[in-house]
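In the two complexes below, chain A is the common chain; its partner is chain B in one and chain C in the other.
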Partner chain A sequence: MAIPLAYNLRNLTVRKTTTIMTALGIALTVSVLVAVLALVNGLRTAFETAANPLNILVMRKGANAELTGGLARSVFEDLKSKPGIARAADGHPLASLELVTVINLPSVQNPEGTNVTVRGLTEVGLELREHVKIAEGRWFRAGRREVVVGKSVAKRFPDAQIGRKLRFGKGEWDVVGAMDAGQSATNSEIFCDLNQMSGDFNRFDGLSSALVRVPDAVSVDALINSINDDQRLNATARTEQQYMDSQTNSAAPIQYLGVFVSIIMAVGSSFAAMNTMYAAVARRAKEVGTLRVLGFSRGSILTSFFFESLLLSLLGGVLGCLLVLPLNNVTTGLMTFSTFSEIAFNFRVGPEAMAIGVAFALVMGAIGGLFPARMAAKKEILVALRDI
Partner chain B sequence: MFRYVPLMLKNALRNRRRSTLTILSIAASLCLLGVMFALYRGLFLAPPKPGQELRLVARHKVSMTQPLPVSYEARIRQLPGVREAMVWQWFGGVYKDARDRRNFFARFCIEPDKLFRVRPELEMPDEQKRAFERLRTGAVASSDLAERMGWKIGERIFLTGDIYPVNPELTLVGIFKDPNTNETLFFSYFYLRELLGAGPRGDMVGTFQIQAENAEAVPRLAKAIDTMFENSTAPTKTETEQAFALQFVSFLGNIKLYLMIICAAVTFTILLVSANTMAMSVRERVREIGILKTLGYTPGAILFMILGEAGVIALMGGALGLLLASGMTAALRQGPTFVGAMRTLSITPDVGALSLALAFLIGVGSSLIPAWNAARTSILEALRDSG
Partner chain C sequence: MTETVIQTRDLTKEFIRDEFHVVALKDANLEVRKGEFVALMGPSGSGKSTLLHLIAAMDRPTDGEILVLGENLRSLSDRAIARWRNEHIGFVFQSFNLIPVLTAIENVELPLKLTALKKKERMEHAATALKLVGLGDRLGHLPRQLSGGQEQRVAIARAIVTDPDLILADEPTGNLDAQSAQEILTLLGRLNKEFGKTILLVTHDPHAARFASRIRHLEKGELLPEGQVPADYTVAPM
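Presenting the complex of A and B:
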């Protein structure tokens, strides 16, 4: 027969201070883990929502980042006419040649200057990015020195406001619009006209990359293989999604650091939980004896104390998640080695991260509760009752 | 006061299991705290490494991915206070297979005749230096790299370019000693230019390394160089090599803030663990404290004893934690890292002392409330307590 759970609950509430202190220790450990998961999660979302599964990114063979993509204009002309590329209603191929570079603008936090990605593209490039919408103002016009800024850029750079001018390349550019790209990393970019930009940066032939669209999911691999095998192009193709996934790796060092920290903290918290449970067992020796006299088996005593420890850690886990919750949707920035500019994104405390946090807490509770529970169950009735 | 010390130690060891668990718990937290402190010190407070004091790096104001005209070098060299200036170009590229992390090491294009003047801390036999200057396709590797790769002089090294669309075919002509134990391969910038052929690409470089004549010249030079190119199409940012290296760390976000948050969380955890232990321990001993008081122990003595007990436990946990931390930093030093500071990560005496002091303070601080309560309890009440 099992000992009612209410018995454990009451025990936890009777010794409030001890319970809360132990649970808080576990909560802090959990919150470190969940915060790191939320950071990585947010970064992943920013990159994943920027990618369309039907888009393929083409760069020069050997290049791993758009910044060093180095795709030549002549190669693009050949690429554009490849069979397998989707066409718009009016017949032009959905292929966009782009130039990506980094500029330095004074920001709110850093008047010395923060790096921002600038992308030069043509109208096709906008067609290929359905997730990007104009939020204020209008798109830039071809052949003009006009830029449209992402909403995170607008937020962080005082100069990046509609009606103002940005200085980069060979002169000033008018800010004519702000774009909203949902949760995606595109919010941290500035868009402008490809040909204007290539002139400003003396990049007439060696541009960065090309984005092409395939008509359906089946033809993705076929086009990638066909581009990779084409000796004439000397280019590498991958899906936009693969490229964005590899960008998420830039958070790997933080992820390692966070997991390392939380595991060591968990070791400490497990010992603390063990301590609390041993004390609980020691104080309740008489109770344990009484329960045994009433007919509860050793097994049910073991389960009862084990459950109590799990309850304690569950409380800690939930507390830990609550502690991190205010972080949800807080914006943070991270530089990446492939963009050399800062990507703004939001912490995302999602259900998975919280589930992992609670599970992590339960593991701590299980480790901390097992030995004390065994000790309680092993007590001889007479010895236990005699105990003061 | 010190005659209470034996009693204090006895009390600390009285519930062995609890003390052990507490010590282990504090040790785990303190081990982490020690590693974090060491990391912080290594990243932000370390003195310049050998050879770094007089070295400056000039890059494009935006980032090192934006190129500077190679002609800047001659203009920089003319500035008073410059001992030597040299092209310093990250080549990147792939050696054998990029998926294997062991194939990752730094590859730079430099000027062979100036390398050892800009980086005087590197040591290489003279005949190898001459061979490096003579052979255009020659390369030199640090002894750490050569050892790990099993390279000998004469080794053929083939790289595939990613930033540059060229594939250098190099021959190892020298192995130099680097006191900073970096894993680096250097080859000639002129060879890179030759491979690139005519065109604007070869005339642009990523960064210049500058060796100043003396320490006074360093800040002055940084300003002078940046002013010289301020209004050109490629403005520069010149900073000490140490500051330059720190920007790689800043890519990981606000590391300072992360480290501080983690340290705060860990410190608070230690506080909780220690407070909890002392509260439990005092609760069990109420009657005993009553007896001590009957025997004439003053509240002050009792306060001191309990605080001391907490301090002893925290110190023991702290010492064990530091031991673990030094083991952990030794392990981290061996791992593959891209931040140079990780190679010299260790628990230095100042880090150790700081962590121990913190542990002691937390231990004593956390037991203040239970100790105060115990000291205040009246004899009658304490003796009536059933435990």
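Presenting the complex of A and C:
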């Protein structure tokens, strides 16, 4: 049986201004952290939803990114015939040779141009990407200078509209469709015919990567090992998911900076909470003495003030989450280092990010409340009663 | 033979700081029996509060013994003393010391939080205590919505709600006007007569003593023998 929580709640209400100011300080700190988490979360979702768990990405040995990867056509021919690759209904192997490069397009915000990823592929490449649907217009045709743009590309680049033309490679390309890839990073890419593209960029033999499908989850490791161990291929295989996960690292600098900033801010907010709680303890010294005379132990005094600090920080944590909530689903762009192009994705303020934010606030409250609560508990009864 | 509630033997309290040394209480021998209403009088600084604090175990003596309800608290832990105080002592302060953010009934309920009583029972007890002090219609009022006299009556309700064996009151009328003071003293008198409560009352007011069954005087830390008053002590005509 402890000092009632109502005692703490009402004291927080009585000193409204201090409570709100302190809680706001905590809220700002929490909002920085949650915003960063939402950003990373959004980027992760963009990459994760782009990957199919049964897809395996193959690049030259030692390559870590498609852009700087490289895969010879002859290697692909050998790869295609490997056992363990799934086949379509008509018997052709589900293996897609692809060329990835970056072009520069003038955008609304950036008239000098922004980098965009262009991917050359064949029909199999589309079969392997079930998450990509044509939203408007139609797919490009083999042997034509036609492109399909991701919906984020269509949004950001005035030239990337159906019926208009994009200039890259050796000339102009017709925009014939726009694709919708859900939440995924594919929305930030442009798709076109592999052979047209390799001609434009003089990359007849050295292409970027291959994407292959295995029939079921149990065969994933077997095929990866078999490719990695094949001296002839001299290639590295990993699941598409692993590759996408590593792309999330693009957000690492922002993540570190954000976490660093919020920790610095948290130090300040903890001190603010501490200050508020010290003032509360000083102002209520006589009440502390009275409670002790009524029979409450030092322990219950400590708990009571500690809880009050936690309540205060909880308020801050909840406020912080509310501050960030409007960011949810706001689209942002981020330069990724492996593609040197911009990925558009949405902030995702999920329950996890909010839970971490609230927990972060509670840590601030705990640190800020501990010493004042201890001071209150340590007071001798008569000293406490004499204090005004 | 009636039970002894308070028994002190050569009770001494000294306050020693670097540069000063005060003997607040010297070799005090006091005995209070169950059902007595004892008034403790004496000039300012004579050690009245000090004696009361020692009896309530809010402070520890420098020397001597105190037995309250036959128990020597010297060896008990802080926590055990807190428990003991909650069960056996009701304390009334000069400045009421109600919790400002809690209503009258919540203030009175507070000491019951430390008992095994259920919420409903606690509220019933608290309401009964408030009715007893004549504040049955002020249960939901905050301290600042009450007059000084009413606040002190809430404080008395809080002191008696646990049905303690001993009520200690340190100048409970010191902050009140004559009318309210009279009401508080009458109330304490009733608690003593009707409910048999043992009361030790510190007061400056000679008239207050009329409510007591016995008066003891303190002078410069010394508890004067029964019946003896300080040299310059005069009772002003009422």
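Just so we're on the same page, the second predicted complex is superposed on the first by the 388 of 388 C-alpha atoms of A that agree within 3 Å, B and C clash if a C-alpha of one lies under 4 Å from a C-alpha of the other, contacts with A are read in each partner's own complex, and residues count from 1 in each chain.
The working rule: a residue touches a chain if its C-beta (ideal position, glycine included) is under 8 Å from a C-beta of that chain, and two chains touch if they have at least 3 such contacts.
Just so you know, these numbers come straight off a predicted model, no measurement behind them.
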item: Touched partner set for A:Gly25, first chain B, second chain C, both or neither; value: first
item: Partner chain in contact with A:Met265 - chain B first, chain C second, else both or neither; value: first
item: Touched partner set for A:Arg10, first chain B, second chain C, both or neither; value: second
item: Contacts of A:Thr276 with chain B and chain C, given as first, second, both or neither; value: first
item: Touching partner for A:Thr303 - first (chain B), second (chain C), both, neither; value: neither
item: Chain B versus chain C as contact partner of A:Gln161, first or second or both or neither; value: neither
item: Chain B versus chain C, judged by how many residues of chain A each one touches; value: B
item: Chain B versus chain C as contact partner of A:Leu382, first or second or both or neither; value: second
item: Overlapping contact positions on chain A, where the chain C interface meets the chain B interface; value: none
item: Interfacial residue positions of chain A with respect to chain C in the complex; value: 1-4, 6-7, 10-11, 14, 286-287, 289-299, 380-382, 385
item: Chain A-touching residues of chain C, taken from the complex the two chains share; value: 53, 56, 58-59, 78-79, 82-83, 85-87, 91, 93, 97, 99-102, 106, 110-111, 113-115, 158
item: Chain A - residues contacting chain B, complex; value: 17-18, 21-22, 24-25, 28-29, 31-32, 60, 62-64, 67-68, 70, 101-104, 113, 115, 170, 202, 206, 250, 253-254, 257, 261, 264-265, 267-269, 271-272, 274-276, 278-279, 332-337, 340-341, 388
item: Complex contact set, residues of chain B against chain A; value: 17-18, 21-22, 24-29, 31-32, 36, 61-66, 92, 94, 160-163, 165, 200-201, 233, 250-253, 258, 262, 265-266, 268-270, 272-273, 275-277, 279-280, 386-387
